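Next up: some structures, all given as structure tokens.
Both complexes shown next keep chain A, but they swap its partner, so chain B is in the first and chain C is in the second.
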Partner chain A sequence: MIEEDKITNTFLTFRLGEEVFAANIEKASNIIEMTTITKVPRSPDYMKGIINLRGTVLPVIETRMKFGMEAKEYTRTTVIVVFNVDIEGEKSIVGAIVDEPGKVIEIAETDIKPPPTVGAKYKSELIKGMIKTEDQDDFIMLLDIDKVFSMEELLHIKETTKEIKDKEL
Partner chain B sequence: MDQFQLKFIDEVTDLINALESSVLALENRTEDQALINEIFRVMHSLKGGGAMFEFYQISEFTHDLENIYDKVRLGEKKVERSLLDITLDSVDHLRHLLDEELAQSPDVLETHKTLTKRVVAELGEIQNTANPSSQDNKEAPHGLKTYYLLFKPAKDIFDNGTNPLYLVDEVCELGKTLTFARTHDIPKLETFNPLLCYTYWEIFIQTSLDQSEIDDIFMFVEDQCEIINEEIAQLPLLLNESFTNKVNKNALENSIQFNLEQLKKWAKEAEENTSETEIIAAETTLVKEKIQKFTKESKIASIRVTADKIDLYMNMVSELVTAQASLKLFSSKLKNTTLLEIAENFENITTQMRDNALGMSLIPIENMTMRFRRLVRDLSQGLGKKISFVTEGTDTEIDKTLVEGLTDPLMHILRNSIDHGIETVEERKKAGKSEQGKITLRAFYSGSNVHIEIEDDGKGIDAEKVRLKAIEKGLISPDEKLTDKDIFALIFRPGFSTAEKVTDVSGRGVGMDVVRRSIADLRGEIETESKINIGTKITIKLPLTLSIIDGLLVRISNTFYIVPLSSIARIHELKFSELKTAYNNIATINDRQIPFYLLREELEIDGNYPEEVQFILVKYRNKEIGLVFDIIEGEYQAVLKPLGKLYKDHDIISGASILGDGTMALVLDTNKIIDKFSAN
Partner chain C sequence: MSPELIKLLTYLVVTMLIGLPFALVLVRIIFKKSILTKIPSLMLIAAYLLSICGAMVIYFDEIHQIWIAPLGSAILIISIILMKRLTVRPIQNLQSKITEISKGNLNVSIEVDIEELKSNNEISQINIALSEMTKNLKEIVSEIKKASTSINNSGRDLNAGSLQMSQLASEQAASAEEVSASMEQMTASIRQNADNAVKAGKLAKKSAVKTEVSNKNVQKSTEALAQIVKKIDIINDIAFQTDILSLNASIEASKAGSHGKGFNVVAREIRKLADKSKTAALEIEKLSVSSMNIADRTGRISKQTVPDIKKTATLVLEISEGSLEQDAGATQVNNAIQELNSATQKFAAVSEELSVNSEELVQLGIFLNSKMAFFKV
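Here is the complex of A and B:
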């Protein structure tokens, strides 16, 4: 039976190392294969460079590094997820290198748990909520894409994620 | 809001701008009848248009203003400061009234009230005896009248190139007309001279316009024609069949001129049996025609296109330039002659299209000068100074995105000139100068740049004062040897302000450095020249366009860079070993000492330089500095694309460009690069 008042949201998941993250599907516009990236000199290491996305300049972020994880060699599954983000009120696009794209999932709003407040406050703000699905043992961290990509510093999301999970379990 | 209203807003914005510039011009030439007529005409159009398109506030408001200028036009009132002030305030107010929401805001409603009072008061001064209400009642709906016009050109009218038919056409545009061409004066063929005009015309005109407007058409041929212009009825007679029948019949039977007395008699008869409904019907069609005309007029010479559409078009042309580059690349690889030919043709068309697109987004500097004129006027009055503002070369065109970024810096420079440059009347007298100061804004092309100069004849900048101040602020050391030009450049450093006291106008400490930064954002440069007691000249040099630049494509390892051609002075090919051993990064080329930067190191690029390197000398503040690259690929027309917000603090790269094969090249801002490296 269908519960009529159940509001569902659609998310795209992706994997970085062992962690699975999710972003609202409306934020993701495209998934493209790894390609040659032109490094912009004197930019931070996690800012991998720019590529030509059908005539537009797409800045590409090494998401592992941005999230405070170790950089790893790219594999067959490595892709760039193109996100539409608002940076200081301006619409932009950003490419995020992820280890593997996941799938599109539909989650009822009621199944999204708010994250417990941990550590530095701004860090947990980056995580909008946590999702637990049947075929997934671990939590999926729901990211606030606008915030994640408009902050200039490294985010150490890995530690935050761990902290959140420790607290929850 | 319907489309006519939107159209109207567009038109009226232009009208208001025209009004503002006329009023400002009138201030200097208060007797100029042409200007007064122009202002009157604009008021009239605003009033009429406002009522027609239901902007009643505008039409009411301009009504009284129009009356004032009518008096001025007729010489019953003089142009005085108070009138100009009211008119300029009204210009601002009219702009607010155009915005539906704003027009209803309490502030604007309040202004509306006070301004209306001021206008009425101004009008009252002239009309002290006349009864103001009778004036209002007279404003009946467009009264249609009928005129009889005889237009009999002199036989030799063709000699000065006049075509009488054009004049007839012009008359016919005034309203509904009935025209008779009289040909009975044409002689027999044997005596016929094709260089003479034998025909004359009789025209019945049904219009709401004044008799004088018909006369105006013949203004330049008055002496060469016989003209009779008579109002025969205060009615739209051409709708009256009995009248038109009589006229037509008479014209058929007698090929000679109408008898004016006879016409008037017929008109009188017709007047008695014309019904009210006929008149109303005629008036309705007239209003409709007017609306059509009002909305049609602007389409003839130019069309309005929103800025968004131009931007989109520019983007698409940029894409096309990029696509064309890749076509060129691949066709040259394939070596197919037909394909090469097509590619070449395609390149020609693309180049033309690009130039055309660039031209389309250019607008004359004229568009912004009005605001400046207003600024000079308002500020100089406030400061009790007399200043004339002169513009030269305002038809010089620049990219519209430049205009947006240029207005504020120019305003700031002007404010400085008015506040600190031009002296008060007393000071000027003492210095033996004319009472009135002068600020000149001059624009002209120079190569692929546009120069804008703002020059005043004020007290000038004391280089020594600037130097001392810079020492005090720690910007330079006391023993540093600087040319005047270098010293004036200090004004643009952050935190530098020489104003002795802070005024409302300028001198808040921030200032010229913001100006310099805004100009730099537009890839422009700024320079100052000044002589004490003679004046100051500030020159802004800007690239013609921001989106497509001519560059030199170079390479370090696998990364492509583009150096704007405009900044390159010379290129040398050198041995890397010579540079490696150079002391303090100074190379000696042709006996000249040239500082240089090894970009591979400065940009933190892995790998080593090849044995032969490219030493590109770029212009940097009157100096030449070497930048070292691996290889030069050739000239390249780069479509500049911004790197986006994520790289917003990364100003050594002004953007990226997509090469023919789809790879990216980074466009270097050589000035910023050298700024950055020399600071380290």
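Here is the complex of A and C:
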């Protein structure tokens, strides 16, 4: 099990459009290649569907849509990043479709800058901070994964997965 | 008067009236109008007179006889002088004239006396004939002189003309020779042209075949490149999968904390390798695509080149045929020039002969002139 408030400075990066995001490595479970996704009826638009991940039902989110970006056809580099999320203290897994996986980087605490409060593209509560590395011109946006896949949205997921589980049973 | 004297006188009268005229008539009949008539006539008269002298010797006394001998001698001398005057003179005169003519002097005046014309003897007739002859000779000689002069002039003209002709013929022969030499050079170059055209045609055919082969090869290489590009996809996939695998390994290693550090390093190395193969695959792909494009373009160009080369081969063949025809034409022209040359040479020879002949003609004219100069007109 993963300790909740353990602070590590290792991150997994990934790309969405022109922008690079990072997530704490503790939140990342693993990366899987794009595969056939089973659609789920009566689910929100950003809910792409579900896949079978080693016997577990994994809900898959269309992250571009969640971030207000245009939907794009999947390419060779499109992958699903499996995140561990806390939903009302309950631990769950969510698959996020990203354009390209990045790398595992270690960042000093001092290199993480607070996010801008004005003129930000995304909701400031979703962004934990901005990372600037030497080999990258643009900032990497450090995401709060738990908040990104927030309660109200994932409520549906929970329900749908439950439904499917029930059906399967 | 004694009867003897009477008898003598009668005899004299009779002979003078009957005998002498009869004898003269007889001579006239015999000699007719000949100049020789004068000689016997004179001799008869002289004989008659001498016979009178003889008769006188008998009838006169010795005193008178002294006169008779000189008288008789005088009669003889007179008759001889007369004979000479009447016969030898005209002949001598004639002889001198003929001598003059024989010396070429045609200006001798041959005057015929009216008396001579009347006498109508041989001398006068010879004189008339001679006069006629010199007149005719004069005309003929002057005609011949004129003719020989014109022969001379014509010969000279002819000579000059033939010399010019000969010179022209020589010039013509030289020109023909030059033309012939040029033609031969031209024929040689035409032949070389034809040979080169044939060679070029063969080369063009070979190139066409080779280009077709290379065309096929280009097509094959394009296909091969397309396959390479497909295979690169597999490499790319493997690289990508390796990438994901290494990321997952990194994630796991990070979660393992200090225990996972070594593993993390390995995972990163694997990732680097995957990245490298990705970059390499990308480069190979780029290169393959650009090679494919180049091969494609090359293929298209060489496809276009093949008909061009074939057309070139055909054109070259036509050039070759044209050259052969040209060669035949040039040979004909050359033969014609050779004929012209030989004709010109013959012409030159003939004109040279003509020149010699005309020279002879000139000499002949001069000769004739010099011969005619003998006559004084």
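Here are a few things to note about the model shown:
One rule holds for everything that comes next: the second predicted complex is superposed on the first by the 138 of 169 C-alpha atoms of A that agree within 3 Å, B and C clash if a C-alpha of one lies under 4 Å from a C-alpha of the other, contacts with A are read in each partner's own complex, and residues count from 1 in each chain.
Here is the rule we go by: a residue touches a chain if its C-beta (ideal position, glycine included) is under 8 Å from a C-beta of that chain, and two chains touch if they have at least 3 such contacts.
Since we're looking at a predicted model, the values are computed, not measured.
Applying the stated clash criterion after superposition on chain A shows that chain B and chain C can sit side by side. Contacts of A:10 after superposition on the shared chain: chain C is touched, whereas chain B is not. Of the two partner chains, chain C is the only one that A:25 touches; chain B does not reach it. With both structures placed on the common chain, the touch criterion links A:36 to chain B but leaves chain C unconnected.
In the superposed model, more residues of chain A are touched by B than by the other of chain B and chain C. Contacts of A:79 after superposition on the shared chain: chain C is touched, whereas chain B is not. Contacts of A:94 after superposition: chain B is touched, whereas chain C is not reached. When the two complexes are overlaid on their common chain A, residue A:110 makes contact with neither chain B nor chain C.
Closest approach of chain B to chain C, taken over C-alpha atoms in the A-based superposition, is 21 Å.
Partner chain C is touched in their complex by these residues of chain A: 2, 8, 10, 12, 25-26, 28-33, 76-77, 79, 101, 103-104.
Listed in rising order, the residues of chain A touching chain B in the complex are 36, 38-43, 47, 50-52, 55-57, 59, 61, 87-88, 90, 92-94, 149-150.
Those residues of chain B lying in contact with chain A across their complex are 319, 322, 559-560, 603-605, 641-647, 650, 652-653, 655-656, 658, 662-664, 666.
Chain C contributes residues 236-237, 240-241, 243-244, 247-248, 250-252, 254-255, 264, 267-268, 271 to its touches with chain A in the complex.
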